[in-house]
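Can you keep this structure in mind? I'll have questions shortly.
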Amino acid sequence: MNLILIPIILPIVSALALLLISERTRYLKELLAICASVVSLLAAANIFLLPAQTVSYAWLGSAISFTLSTDTLSAFLLLAAGLFSAAISIYSFSMPNKGPAKWFFFNLLMTQAFASGAALADNMVAMLFFWEGLLVFLYTFIALSQTTYAAKRTAMKAFLINGATDICLLVGITITGYIAGTMSMSEISHNKLTLDYGWSVFAYVLLLIGAVSKAGAFPFHTWIPDAATDSSASFMAFVPAAIDKLLGIYFLARASIYLFVLNGTMQLVLMTLGAVTILVAVMMALVQKDYKRLLSYHAVSQTGYMILGIGTLNPIGIAGGLFHMINHATYKSCLFMTSGSVERQAGTTDLSKLGGLFRAMPVTGLCFIIAAAAISGIAPLNGFFSKELVYKGTLDTGYTIFFLAAELGSFLTLASFLKLGHSVFFGVRPENLKETKEAPFSMLLPMLGLAAICVVFGFGAQLPINWFISPSLEALNIRHGILTGFHPDKLYFLSVIVILAAVINHLLGLAAGGGKADKASDHIHYAPVLKEAYAMAERRVFDIYEVGMDRVVPAFSYALFKVDRFFDWVIDTAPSGAAGFLGNTSRRFHTGSYPLYMALTLAGAIIYILLLASNGGLK
Amino acid sequence: MDKGLLAYLLIPLLSAVIIPFAARTRPKMADILANVTLLAGLANLLWLALRPSMIAGGFADIPGDGLSLLLVAAVYLVGLCVTFFSAYFIEEGLPNRPAYYSLLLVSVAAMTGVVTTTDFFTLYVFIEVLAVTSFALITTDDSSAGIEGALKYFFLTFPASVLIIVGIAILMMTLGSLSYENLRLFMASDAPAGPVTFASALIMLGFIVKSGVVPFHTWTPDAYQGAYAPVSAHLAGIVTKISGVYAIIKLATLLRFFDGRAQALSEMLMFLGMLSIAVGALAALKQTNFKRMLAFSSISQIGYIVLAAGLGTPLAIMGAVFHLINHATFKTVLFLNSASLEKSTGTTDMDKLGGMEHSMPWTSWTSIVALLSTAGVPPLSGFWSKLLIILALWESGLRVYAVLALLFSIVTLAYFMMMQKKVFFGKKTPASERVQEVSAPLLAPVVLMSAIIVALGLLFPYFYAYVKVVAERIIL
Amino acid sequence: MNIFSLDWYLIAIIMFVGFYCMLASRSIVRQLIGLEIISKAAMLTVISAGALSNNLIYAQALLITMIVIEVVVVATGLALLVKNFRLHGSADIWTLSSLKG
Amino acid sequence: MIYHTLLFALAAVFALWAVMARKLLVSAIMLALVSVCVSLIFFDFGAPWAGVFELSVCAGLITVLFVGAVSLIRAEDEKRPENRARFYALPFAAAIFAIAAWFYLPAFVEELAAGAKIGSGGGSIGRALWGMRRPDLLGQVLMLAAGVFVIKSVFPRRTQSK
């Protein structure tokens, strides 16, 4: 068996094997899942170190081949997916609120396998196959993570949003393949498509929708905050924080750089999308009162930076986008893990009920601080460097407005994390949390590992850039100059200013909120204009899914219902009515009366004889 | 008359004559003799048809046209099932027990005569014998419904005999002979066929009445419903098929419908077949009595055979013959199971039955196999025969008939589903509350028949070889 | 009109009478009489056809068999009649309509 | 010629009478007379064997059977007489049929007769039965056996009579 297939096949086989294990066994399922994910991580590392190779199986003749290719970008993705899968499976070992262990690990391994497949697939149809597989497991992951009705509802919401956009992707891929004459991405890249005519623009927009929706960007993000409250922290740390971002941004990069040559308009569209995502999501994040929900809005917001980075279309920006992708996965995964730990130990994620936990949970707190600092772009952690690259790329395009938006986003991010950290880990500890203890080792280990990666990628930013980002850009056929290094230019000072502003804002908020850390953002929340906007957002006026479900879908479904009734009538009621009528007629006819039967028999015989004698008769 | 198969007629007759004497002191002897006779005959037939050299030779050495052999086997099989079932079903005190077995054996002998003869008048004679035995068999249990069914059967089908005689008279006059071979040669020649065709049409009409094709079907449900329970299986399974449908198929091949020499008759036959399918299926939809519903379903299934016979192409004849065999198997299962239900619950009213699946699993599941085969669900045998028929219709350009046949096949499925839901699944009713499965000997025939249904379906390619030989021989 | 067609014309009338009897009569005995009448008519067709085609011997051979059959059929019919009379106390076939639907 | 047609007409008249007779006994006797006419027709055609069989079996045996059955049910039958109107309509119906058939039937029958195939006509009845119609004899045996068993089945010897 080829080495490439191990990260795909092994998790699937293990996941199926998991289903056979009795529910009563302890630790066996967990250990099997950890082993499978660690082994596939090792296999992924091995693949990454080997030179690029291709495995191809004929599938549906020669037109659609099942081709897996490990160019450096794909291998990097594979490695990342393996890493997060291993981390989350270790983390989930003693995580209670994740639903039935069997199904949790089944979904986890399946998601990993399909994500690996999607990352490796060179043929777009094969990629779509894996992509749609992820959709299925996204649904089961959420639906089985809790037994509540809300979990099912959110699962359906996620499924419908992603399903709709996946259909866009399907159509986009079909059109792209039709225009290019091939489904192989590497073949298309030799002769990239341009956006000169309508069909290719249409195809690209559809691919874009598919990609950014997977990444969870505005306006397809609305299921993520719901999932944060209705499913487990493990799920949040794995799928929306890591896997979805990795794949979405990966395919966005593939589509925008590898398959198509974009023009200025499309660049502007992408950057606007990124900036709007950053601001809208971070504004929402700022006022959240729930640990996981706040984090989930940041998961959306950070996607904006990546899209912004890719949208700059210059090497530095793209490098920033990809670097931010892996960094974000690292620290956001870590943050969700801390939220899971707090939830497990303190029993709640409501900010107003938490406080002063640093003393009780020092390791968790430390990891939180590192990851929060990283996400806020505080030097010299990894988030700082990737954001720097994105800023630089943005400035290079000449659209300063996007740079300012990104900086504003950065400011608000830091502000919200100040609020979050303050209200969870510092301040006064409530009475009922006096007994709180540190989370178990199996939960701390992956957290520490990810936090360590944040630090290492920050201090040694050269390392990931040389090892991962630069080869990835080469895989995308981009020539680039020096990407790294600490730029002691005005950008650095600007970031320091942003940090200071955020701290001042936090202090102001504290003062306005009467010293309560969880109310530190209320002065923004209830600011004159924003108040109404937030109120509308809380009524979900901006959530196209909810609006659609409330307004459009009922009317549409009513119309469909009427159409369905009609067809039902045509194929069901009418025939069964007719059959019933004929059957009853027959029952009334067969009265058991002998003369009637005799008359029928004789009449039939006479007609038969007359017809044959006159018609075919004696000719 | 086929000399090689004469023994299959004579031995049951002999046995039938012996039974009243043998059973004078010990009534059980009647059961044993009848069963042994039929079992021996069946074993002999199986050896004749299924010995390895015969299979290896592609059935090239079967005696006669092969159809006779096949149908004699079917007659013996159903006869054996019914006698075996009766041996354990029949009430101890029934006074006419030896006569009952004698009549069954005479009816088997008569059916053997029907399928082995090569002459129209002899065919008529045997069919009259068969009819006479059937009337007495129907009234075996002295029930009010039985005598009603028998009387209706008697008076509504005997005018058909007269029609057959008139047809035979005209045939004798215009053909100079009554043998099949002469008719076949005559139809193959170029002589003007008008009077001969008219004579054949009259004979055909007689057999149409006797096989219960709409609009001559009115006696069928009454006779089947009123008949003594195992007899209704005998009647529906084989008697009416041999006494009517067999002759229709035979005439259809002799008249060479595929040549278009008897176009009007062919079209008439197909129309009546389609009418039967439709009326039978629609009437079955609203029935409440298990046996009566099966009777209407039988009318519908006979419609398929008549439709195929009316088409007359080799493929259609093959389908018709195969459907005849299948009909014998699945209708026997269903009627025997209805007898079991009647014995256990005391009723065949579907409104009073329910949830039998739990209390009588064997009966229920064999019934369901037979029902699905009747409705033509793959891979059971009924599917293949219906497929052949519909294919033949489609190939001959009779698209409307093909589509209608398919459609009413779905209606068949619909009423059987309804019936299954009422009787076998669903909630238990008071009548079926304390019901036990019937004893193993009563189940043995239906299990055997169900196995044959499944086997014929699964091993269809092998069986197809045989049926193909038969169809080629009787057509060419 | 030749003698043969006149014969058959009269046979047809006899047959009509027989069928009319079967259609109109309530009594099982009359039903049987009607049946007898039409089978007599059928016999006449056989002998007439035999005479026309100069095949009388053959026709006689058939007729003898038919007469035997007829006896047994009538005996069966009368046996059913008697049985019905015992069970229902009447010989009226029109009242037999318990099997229906 | 006249005698021949007269016999046919007589058979038709007796048949009509048999159907229309008020009493079943008269019907049975009229049926016997129809049989006698038919057997005379057989003799007239030159078919003595068939005539003898018809005269002895149908006119004799069957009439006896009928008379026996009628005497069994007569008492009950006379309590509930049939509606006679249907039978009074028979002559009119037969007349209408006769007139209608007069126009079509003879022509049709002549057309049928035109296709007749004239046989050799020789041989004896014994040889015809044994030589050509041997399976029918088997059928007759079977029929008689069936008849015996039918009677045995319908009228079983009651061992423990009620």
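The chains carry the letters A, B, C and D, assigned in the order they are written, with residues numbered from 1 in each.
Just so we're on the same page, contacts are C-beta pairs under 8 Å (C-beta built on N, C-alpha and C of every residue); 3 or more make two chains touch, one makes a residue touch a chain.
What you are looking at is a predicted structure, and each value in this text was computed from that prediction instead of being measured.
> For the chain pairs B-C and C-D, which is connected through the larger number of C-beta pairs in contact?
Between C-D and B-C, the larger count of C-beta pairs in contact belongs to C-D.
> Could you pull out the chain whose C-alpha mean position is farthest off from that of subunit C?
A
> Between subunit C and subunit D, what is the gap in Å from one C-alpha centre to the other?
That pair's centroid distance is 6 Å.
> What whole-number Å value describes the gap between the mean CA coordinates of subunit B and subunit C?
The separation of the two C-alpha centroids amounts to 27 Å.
> Please report how many Å separate the Cα centroid of subunit A from that of subunit D, as a whole number.
From the centre of subunit A to the centre of subunit D is 94 Å.
> Centre to centre, by mean C-alpha position, how many angstrom separate subunit A and subunit B?
66
> For subunit A, what residues touch not just one other chain but two or more?
Within subunit A, residues 587, 590, 592, 594, 598, 602, 613, 618 contact more than one other chain.
> Where in subunit B do residues touch two or more other chains at once?
Residues 121, 125, 128, 132, 135-136, 139, 148, 152, 155, 159, 170, 173-174, 176, 192, 194-195, 198, 221-222, 286-287.
> Quick one: which residues in subunit D touch 2 or more of the other chains?
Each of 111-113, 115-117, 119, 133, 136, 139-140, 143, 146-147, 150, 154 in subunit D touches at least two other chains.
> Which residues of subunit B touch subunit D in their complex?
1, 9, 13, 16-17, 20, 95-96, 98-100, 102-103, 106-107, 109-110, 113, 117, 119, 121-122, 125-126, 128-129, 132-133, 135-137, 139-140, 170, 173-176, 192, 194-196, 198
> If you look only at subunit B, which of its residues touch subunit A in the complex?
Those in contact with subunit A are residues 148, 152, 155-156, 159, 163, 192, 194-195, 197-198, 201-202, 205, 208-209, 215-216, 218-219, 221-222, 262-265, 268, 279, 282-287, 411, 414.
> Would you mind writing out the residues of subunit A in touch with subunit B in their complex?
Per the stated touch rule, the residues are 579-580, 582-584, 586-587, 590, 592, 594, 596-598, 600-605, 608-609, 611-613, 615-619.
> Across the complex, what residues on subunit B touch subunit C?
Result: residues 121, 125, 128, 132, 135-136, 139, 142, 144-145, 147-152, 154-155, 158-159, 161-162, 165-166, 168-170, 172-174, 176, 221-222, 225-226, 286-289, 292 of subunit B touch subunit C.
> Mind pulling up the subunit C residues that touch subunit B in the complex?
Those residues of subunit C that touch subunit B are 15, 19, 22, 28, 31, 35, 38-39, 41-43, 45-46, 48-50, 52-53, 55, 58-59, 62, 65-66, 69, 72-73, 76-77, 79-80, 83-84, 87-88, 93, 96, 98-99, 101.
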